[in-house]
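There's a structure below that I have some questions on.
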Amino acid sequence: MAPVHGFLYPKTATGRSSLIPSPPWHYSGDLLTVEYRTDPARVAELLPAPLEPAAEDPGAVAIIWADWQSCSESAEELLDPVRAQYKECFVVVRCSFEGRTYSRCVYIWVDKDFAIARGLHQGYPKKLGSIHQTRPHPYGQAAPRIGAGGRFGATLAAADRRLAEAVVTLREPSETNGFVNGHPMAHHRFLPSIEPDGSPALHELIESGAAGFEAGPAWAGDAELRLLESPAEELARLEVTEVIGAYFRQVGVVWNGGTRLWDGAAARVDSA
Amino acid sequence: MAPVHGFLYPKTATGRSSLIPSPPWHYSGDLLTVEYRTDPARVAELLPAPLEPAAEDPGAVAIIWADWQSCSESAEELLDPVRAQYKECFVVVRCSFEGRTYSRCVYIWVDKDFAIARGLHQGYPKKLGSIHQTRPHPYGQAAPRIGAGGRFGATLAAADRRLAEAVVTLREPSETNGFVNGHPMAHHRFLPSIEPDGSPALHELIESGAAGFEAGPAWAGDAELRLLESPAEELARLEVTEVIGAYFRQVGVVWNGGTRLWDGAAARVDSA
Amino acid sequence: MAPVHGFLYPKTATGRSSLIPSPPWHYSGDLLTVEYRTDPARVAELLPAPLEPAAEDPGAVAIIWADWQSCSESAEELLDPVRAQYKECFVVVRCSFEGRTYSRCVYIWVDKDFAIARGLHQGYPKKLGSIHQTRPHPYGQAAPRIGAGGRFGATLAAADRRLAEAVVTLREPSETNGFVNGHPMAHHRFLPSIEPDGSPALHELIESGAAGFEAGPAWAGDAELRLLESPAEELARLEVTEVIGAYFRQVGVVWNGGTRLWDGAAARVDSA
Amino acid sequence: MAPVHGFLYPKTATGRSSLIPSPPWHYSGDLLTVEYRTDPARVAELLPAPLEPAAEDPGAVAIIWADWQSCSESAEELLDPVRAQYKECFVVVRCSFEGRTYSRCVYIWVDKDFAIARGLHQGYPKKLGSIHQTRPHPYGQAAPRIGAGGRFGATLAAADRRLAEAVVTLREPSETNGFVNGHPMAHHRFLPSIEPDGSPALHELIESGAAGFEAGPAWAGDAELRLLESPAEELARLEVTEVIGAYFRQVGVVWNGGTRLWDGAAARVDSA
């Protein structure tokens, strides 16, 4: 019986091979957010028990592009940046659990395996995608500045199909970076039983949020957003009824674990 | 409380978005295998409780390249082949549990997200990699034939570093396609608690194997194999002491679930 | 003045760095072809001087997916298959030059740099794309067999947008693999002057074809084909009026240079 | 005879499909430079006629990583950033032509097709690679700041092999961003004849440089640099004898054509 180490698989004698190291995890990056309203029923149908729709503005959705650099406590990934950089596009709604409002990621695409693995731990339902967002830069004509009039494009594709396209034009400084993604996250973690028709091997609801946060000024802007059909995706089902607003912000985040809110296995027993 | 559907995340009202559909899963592909011996202690250190080293030839290792097409029962993925094709390179050792010999995948790299997700279910410790193997073809001078003298190259890279290179030259038909990967698989499924220092949310040992299998003739051959260092990998630690043999075979496989062998949570309680 | 070597850039003392080696180039692969008719004016507008539309069936188009392995005379690429394998999707029309009928590739996407470089030499207007086609395989349920009823999907994407999708169902053996791509190729090779408004640095029409060819039986089938819009592409402008037929064939090809048909620089002088 | 349009292939009635638009081309990005000395003979062997080694410090080499956003005069690519963003790693030496000192790119890897195509026009010997460099960011612990102590990693891989790795630690503001890449570029443009053993179809020496330039402050730093072997590359042959220095700078550049310095075809005639 060998003692194996590593936060996640593959576990080895040293732990060095683990796809991801232990938290805390550090992030530096740029967020481009478009908030809009869809039919609240389309949000509600993505909220399994024990969640309920948010009391206010239950059809509000945020689609967020993020261009990240990330690392573990050692920061060693930063000097081998293929292991630090990734991009993601994720879709957040709000919900309610035991009377409290939570944010919840219902769809998310990333472009690295370590990001998928972190999502597995955090309950983000990650797929691989191809994600791009315009980068601000202080010099030359091939980049917007962070300021009024700055225009940013953002696109998402998966399985060789474009799924979303946005163009955001910054207008003015903003008090907030939006409201839909502003609560602690409530995510299910789920794995089926290996045995056909068995009870899930894992079925729980967890809460997590940032353990540390710093940020530059938020900018508000105007947005165009298109969601496109794909046979393997349902993002376009969250159709855009009304754009609420758009935001750009540079942030630094620390993530360091969360709390288990609910145990599906125990709940099953309780209701039996 | 919305009923959500889907074998895995993201779960939706229709289930259509799930990263992977329910088993059974079908595979058609080519396997290129190199078997070799390493220091048995290097194998043993990858076998956590309740596993033990195999009784015979405990230092035997198989490194296997596979060029797959795969699909669900509907076979719809085959007509959108970006969702059906993937390549993998995996490393298998043998171990013992309750007196029975199992195969066990200790490292594996794939190049698609649906393959990562299947591995999550099956207990394969998958990372993304760039995997290539020479393809046989019946015409032209840019491919080996499947037959004596046919030469196949195979390479593995991850995070922009090459990790393994093999060249296999087929010699003669073979009764077997090797012995290391010939047993049912014994894999751990593991997910840490979301709470720092909590007990694992999931920690179990499962068994699975092919629910269906057909294959062409196996060919045996000679192999050269190089394993290369990387700061984020330990494949090269399974250093090649002696090449046992090499094999090429075209196969069709069905996978349809497995059995839970051991529950780490219960085991913890038992030993308390 | 150092003697530098290499068929193409970068040229070095040894020639080993050249992006591509000297011809002959060998190819082994599978071709999936859909032939259709479009408005002949849409074909004609892609035929610059000195070309003219083909005399017969001037609106005929072939869109061809190819899953290749390729190598130079040394064949060394085959043992390092990341340097040998590539996929392409290309669109062929016919044209006439000095009374002879030629095939001509008007659009083409590949997924490797060495394929781009060969196209530069051969006059194929190559871009990078993501190309997939169903692979036949003799075992399992995750692949069609090469035979009646075998169904093959094929897709093309570039810049994260899907550009073409086809499904081909094989029906019966066929005398031919289509007729649109059956002539020698007539391609322009062109490079602008480095000086603004200067005459082109290179502007010529070349002819080339296979120096060697072998193939398995051709299969004819039925096809569905969709061409999709993109702001940076005009493939969809060659809209499908009528599907002519579809074909699958495994081939081996040798390419070894061609002939210069016409010199744009001289033509300019002649017409002055 | 249809009038076709487009700066480069594929040429169409509208010109919209051209892989690259007409210059001017705009760039905004971050440059990470390591300058070092190698054996001057290794530089000289990369300088074909009519070039000669630089008079001073003929063994000086710069290896430069660049993280770019780029666009044409319309700037439309910036709102579809998959068509604007690319990364490159390139190696520059100096040389002399008719008594004047030039910079010259001897090796370069990029990660997009439009960047390859621009290089074709500009005489950069581009291959595809996987290029990463640490990005500075003003917030969080997952990025260096642009300032003393900021540490940046940079890596290059091609064909699944790592070719170069650097770590740069910024020390102090600098008057310059290095000297090796500070001259106009002297590049050959070359294409073989389509006819075996024919004279080159194109063989010329061109000069080009920035038509516009703005930049932030340059920072000087200390560097570690490793160059790694590959069977298809000769970068490691420019081995590091002595690191000269390292630099980081954010720049905006405009490129808008150049001048033909020398015509290989005419030179051949002259010397006949």
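All chains are identified by letter, namely A, B, C and D, in their written order; residue positions are counted from 1 within each chain.
As a working rule, a contact is a pair of C-beta atoms (placed from the backbone, for glycine too) under 8 Å apart; a residue touches a chain by one contact, two chains touch by 3 or more.
What you see is a predicted model; the values in this text were computed from it and never measured.
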| item | value |
| --- | --- |
| Homomeric contact subunit B-subunit C: same or different residue positions, threshold half | same |
| Reference subunit B; chain at largest CA-centroid distance | D |
| Centroid distance [mean C-alpha coordinates] between subunit C and subunit A, Å | 41 |
| Centre-of-Cα separation between subunit D and subunit A, whole angstrom | 36 |
| Centre-to-centre distance between subunit B and subunit A (centres being mean Cα positions), rounded to whole Å | 29 |
| Subunit B residues counted as touching two or more neighbouring chains | 80, 82, 130, 132, 155, 160 |
| In the complex, subunit A residues that touch subunit B | 1-4, 7-14, 16-17, 19, 23, 44-52, 76, 80, 82-83, 106-108, 112-113, 116, 120-123, 125-128, 159-160, 188-196, 198, 201-202, 204, 206, 208, 231-234, 237, 256-260 |
| List of subunit A residues in touch with subunit D within their complex | 26-30, 68-71, 75, 78-82, 84-85, 130, 132-135, 137-144, 151-155, 165, 167, 214-216, 250-254 |
| Residue ranges of subunit D touching subunit B (in the complex, touch as defined) | 130, 132, 155, 157, 160-162 |
